[in-house]
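Each structure below is given as structure tokens.
Each of the two complexes below includes chain A, the first together with chain B, the second together with chain C.
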Partner chain A sequence: MSTPDDKTKGVSAETGGEEAVASFKGVDEKEQGEGPGGFIVLFFIIGFVASLIIGWVIFPKLLYSQKRQPVDFNHVLHVETVDNGCESCHIFREDGSYAGVPKLAQCADCHQEVQGDSPQEKIFVEEYVAKEKEVPWLVYSKQPDCVFFSHTVHVKLAGMDCVTCHGPIGESTSLKPYEENRLTGYSRDIWGKSMTGIKKNSWDRMKMDDCAECHEKETGRKSSVQTDKDACFVCHK
Partner chain B sequence: MKEEQSKEKVKKFGMVIDLDKCTGCGACMVACMAENNVPFKEDESKKLDSITWLRIYKLTNGKSFPDADICYLPRPCQHCGGKGDHGHSPCVSVCPATATDYNKETGIVSQIYTRCFGCRYCMAACPYHARYFNWWDPVWPDGMEKYLSPNVSVRMRGVVEKCSFCFHRYQLAMDKAYYEGRREIEETEYQTACTQSCPANAIAFGDLNNSGHAVYELKKDKNAFRLLERLQTNPKVYYLSSREWVRRAGDNYLKDEKK
Partner chain C sequence: MKIDRRCFLSLGIGGAAGLALSPIPWKLADDSAIWTQMWPWTPVPADGEATYVKSACTLCPGGCGISVRKIDNRAVKIEGMEGHPVNDGGICLLGLSGLQLLYGPNRVKTPLKRAGERGEGKWVKITWEEAISEVAKKLGDIKEKGESNSVACISGSDKGTVPALFKRFLSVFGSPNFMRMPSIQDSYEIANNISLGFIAQTGFDLEHAGFILSFGSGLIEGWGSPVRMIRANSSWRKAGIKVVQVEPRLSNSAAKADKWIPVNPGTEYALALGLAHVIIRKSLYRNDFVHAGASGFIRFRDLVLSNYSPDSVEKITGIKKETIEALAVDFARSERPVAICGRGQGKSQGSLGEVMAVQALNVLVGNINKEGGVFAVNDPAYIAWPAYQSDAVGAAGIKKERIDGAGSGKYGFAKSLTNRFAGAVNSGSPVSLLFVLESNPVYSLPDTKDVKDAFKKIPFIVSFSSFMDETALNSDIILPNHVYLERYEDVPATAGLSKPVVSLARPVVSPQFNTKHAGDVILLIAKEVGSPVADAFPWKDYQTCLEGTAGDKWKILNKEGFSSDPAFTAQVVNISPGRFDLSGGVADLSILFTPVNSEEDSKAYPLFLLPYDSFRIANGYIGTPPFVIKTVEDTVLKGKDILVEINPATARANGLSAGSYATLKTPKGSARVKVHLFEGIMPGLVAMPRGLGHTAYDNYLAGKGINVNELIGTVEDPASGLDAAWGIRANLIKA
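Right, the complex of A and B next:
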């Protein structure tokens, strides 16, 4: 590996006996010149991959805490027995407001006593119905305080299906874990599962842009002076 | 669906306040604060700090005893339509955050608190002092959180707020109408809190474009005027007064200037 130049340096500096040592020194110096460059690239790649993993895999896991619902509700079982689909339990009130998750009294109409052999029903009847305690359901679609959302206008007037925003929850036999954002306290269903922001279904995300996108497409209203889209005071309060 | 909606008539909600009837009792101010979760301070006499979406001003004619006269003037947000009613109201034009907006379908100037970053340009632009800044986070006495209205979002420190013409009441009224299969609401279904609380019936509220509403005729009264009309902000709040000096007080005139 020693170059003629190294050798001459060595020879000129030292006597013949020490030539090998001198030339060895020269080789060493040469390698140091190349080596750090390679290491930098290697460390960069390791660091880059590590930050990708931290940012895209570990951080999202840390950001959301997983919570189980107090009772594992089976939608399929209930949809089969009721006549009016989702609206049998998720009712509209006469003033046009929407009840959302049913209250205990509504469930207790049927579940005064344990009817089946499901252990979840047993928990429900013993822990909540018997003690007359409301079930602290975790609402996946809970929006911030500044949002005004009317189910009436979307369902009754525009004739939208529940599935469009809520997904096929009616076909689920078990409730998925509620992933709560540790910083904001909102459900992950608002921000969406996908870290890349790609939306496959209309119910994947429930952020303002998703509402605005559909409003622009479906209503075509341009009542806002600022944005030339639908006005702010349509969904805000 | 697009066609159906374009057929909906353009509304222009506004108010006509009869100053001859107003006794300055302040019931409208109280109703407004309770309705809209307006925070109050320990010392409400500090006017730089306190927030009043609707404020009553006391006007005097400046004369001595036999001719002395006073007038109370309630001032909500004027919901200016701007020159030509294109929605370029002073505050909307200057907002760098798109936090305040003019709705062409209702004529209401909205304020989105979560969007506002508190630069207060709108407060400087508003000639009516209708906008207020939250210098502090609201502090509610123990247990009072439970009495807050869920229909109005509470504001936080660092944002501007103002009268919304109780827009949440419009939203709720429309909801009921849609549930019953209607697309329009009656005049009585959407009334602001101040209108309903006024014991003297001095405030009328409704759609200025709708000939069936009381305000439609009232605004054409010969005694009707608006505040600072010469600025061409085109407010949607009209005032009535049979007294010449009150009408003249609605704008800034030089001492010897003819109206």
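Right, the complex of A and C next:
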């Protein structure tokens, strides 16, 4: 791309001869002396820093909307009162499939009526149990529809802990806000809280690479369907 | 020092560098990838607990059991029912796509009354009460005039309680005009009636047969009960059973057979008689079975020995006499050989002579009433309702002659001849009110123009269709039935089965729209019409009627989803040797075996148009669902163009080449078609699939191809009144 400078210079060289060249030299020297070198660096830094701020601070705020769960839920309180840990409510059905978030009917077994003085429980009983309306829970761990995941295989056969993927959610006394990706509609927990994608714990993010990482560790590197080894179609059926 | 453009360039570069080190590009790239996979309009079945509902498929007469997977209250997949005596877990393409009929856009969602001209598609929504009282009022007016016999009903089937309720309604009201859509069942029924003396279906124990001789039947293309037939075909392959297919076109069934014998269309009967000739001449028949002394056999023997020698049959059929000789010996010397007929899926009747000639082969080799053989199967016996009382008008009306003539005069052996309906109405037989149940006669009866003309003459047409099909479009009032996945109904499977089964269709999901069970609607109409019609329907609702009718079998039906107890379902009739009258009791046998050809000028129409059935195109009441229409090859349907099959020799003679457009002309109409060259069709023929060219239905089906029924007509078989047409004279002119 030619700038206006180049053009001027070109025209001068052709028409003005040596004198014109000399005068241009003069201009260059002058600019070097009191040129905008400092500004250039400054502006670079401004642009650089502004981008970083936009990228790391503002962008995540724009990308994710914050949603509250319809009812706040105290996992600690419930884990204390049940015998079988997570599986007491997050059941495996008789056919072995995993039911996920409990249905209203399960909750209603105990919560036909308000038991304590928690305002959240009151909302739950009045708005949902009494009206027989399923609670529209926002599921932090919901994977895209193109992902096939079997809880049975991981929990029953491989004997994995819930915590490995879901973190210590059973120790929480209230539900954190659900951060929904405005573009994809999925929870922020899939990419992970950290925008860098760096994780400290195994449950910090649940992208494909994280599945693959564990699979590689546990079952060795496998790559082909034809040779009956793990590959795309294990999860993307 | 001053700020100039280089500073801003620098700002931009800095910004870009910062951007590259921020998560924006990487995160957005990843999210956009996910976003493109997650279009909000892509339907995704909800996640939840899977339950299964056992039910029955009603989309064809096959009577398969189905098991429908549901997530919460949404049906998500139809599978074949394991352990069902008809299909044992198997399912066909159409059955698999039934959910698109349930949830598809072509449902009639509420009772509708015509607002504009017939067929214009302008409707007003009415309530069920208004709809029923309107129909009842019309019926009342007709009765008052003493014209009760001018009420008629065309039904897709005459088996099961729902058609039986309609038939009973007509009977007590005073009309004999309950008709069912034509099929090869009509022909087999008449053949049984004249050769055995009673009306019965014909069942085939094809699973155990030892030699299959098919006269154009689409063995693996939907003939009989399709899933059962595909299973049987596999078992023949495994056991090395020989299959011989006789037909003018290399259909899929012919391609999969051990031997394909191309035959001049419409001359299949002559081949069967030629084979009988060889079998009798070489004394390969079962003397005890044909009861050699019986007059029927002697007359039949004399006819085939004198008129149907392989030499003469070669001239008629175009099949070499050596082939005929060898096939006859092969057939007669095989263990348990079975000959079957019914072109394609058996949707057309064919001539009586053809069925009689083919049945004669089974009788000659004595493969009747035993394993691997042919059976006469009675209608299901469980529908036994108390007698009813009709009034004077009703009693007089029921005794009048049927509109289609069946059951009287020269049509005395027939139960239903719906093929004659349009002709009769057009020539002046009055029909003042027509019920249309689970059928689409405006689309699927041959000679569409004739049928439409007949419909124009009927002042009031009541459609019970669940879908906005061609007949519903041409009706005055639509009382939409639940689709089969929303209703209870007994489903007797009689399509060529030797062991009859009755299955139970059950609501898989609750009704999606403001529809009503046709069984309930006819009960409500009866109540509104009042005594004595109302008194003949003592049931509170259809459900009570069905449970009462099933009696002590209801429990087992409800639990297992089917019953194959012969005491409950249809019964196989014991046919003793010699019982079968090969002459069919017909005084002049030659009338049976006279070729029924269209008389049109062979110069104007040098070719023959031959409709054929495809497994991938539904051609009856049900329109092909989107999943299925997607599977139709582009040698059959390309874009909106239909392709007709012709032999390359025919193409050369008519100056046509592959893919060129042509005008297909028949005495009934003309259509623009595309040409597909196919070595597997005899020269001189043009083959076109049934089931395309819908004008109603959704965008997936409407306007694609040509309805072959617009181009063909009916040809009445003088011996029986059946529609003997197998095609029509045609011409193909380069467009």
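Following the convention adopted for this analysis, the second predicted complex is superposed on the first by the 196 of 237 C-alpha atoms of A that agree within 3 Å, B and C clash if a C-alpha of one lies under 4 Å from a C-alpha of the other, contacts with A are read in each partner's own complex, and residues count from 1 in each chain.
Throughout what follows, a contact is a pair of C-beta atoms (placed from the backbone, for glycine too) under 8 Å apart; a residue touches a chain by one contact, two chains touch by 3 or more.
Quantities reported herein were computed from a predicted structural model and do not represent experimental measurements.
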| item | value |
| --- | --- |
| Clash-or-fit label for the pair chain B, chain C on chain A | clash |
| Touched partner set for A:97, first chain B, second chain C, both or neither | both |
| Chain C versus chain B, contacts on chain A by residue | C |
| Partner chain in contact with A:81 - chain B first, chain C second, else both or neither | neither |
| Which of chain B and chain C A:157 touches, first, second, both or neither | first |
| Partner chain(s) touched by A:231 [first = chain B, second = chain C, both, neither] | first |
| First, second, both or neither for A:146, with chain B first and chain C second | both |
| From 9-17, 27-35, 117-125 or 153-161, the chain B stretch with C-alpha clashes against chain C | 27-35 |
| Overlap of the chain B and chain C footprints on chain A, listed as residue numbers | 95, 97, 144-146 |
| Chain B residues touching chain A - in the complex, by the definition given at the top | 1-2, 5, 86-88, 92, 95, 98, 100-106, 108, 110, 112-115, 151-154, 164, 167-168, 171-172, 174-181, 183 |
| Residues of chain C defined as touching chain A within the complex | 1-4, 6-8, 10-19, 21-24, 27-28, 30-32, 34-35, 37-38, 44, 47, 49-50 |
| Residue ranges of chain A touching chain B (in the complex, touch as defined) | 92, 94-97, 144-146, 148, 150, 152-153, 156-158, 218-227, 231-234, 236-237 |
| Chain A residues touching chain C - in the complex, by the definition given at the top | 34-36, 38-52, 54-56, 59-60, 63, 93, 95, 97, 99-100, 144-146, 181, 183-186, 191, 195-196 |
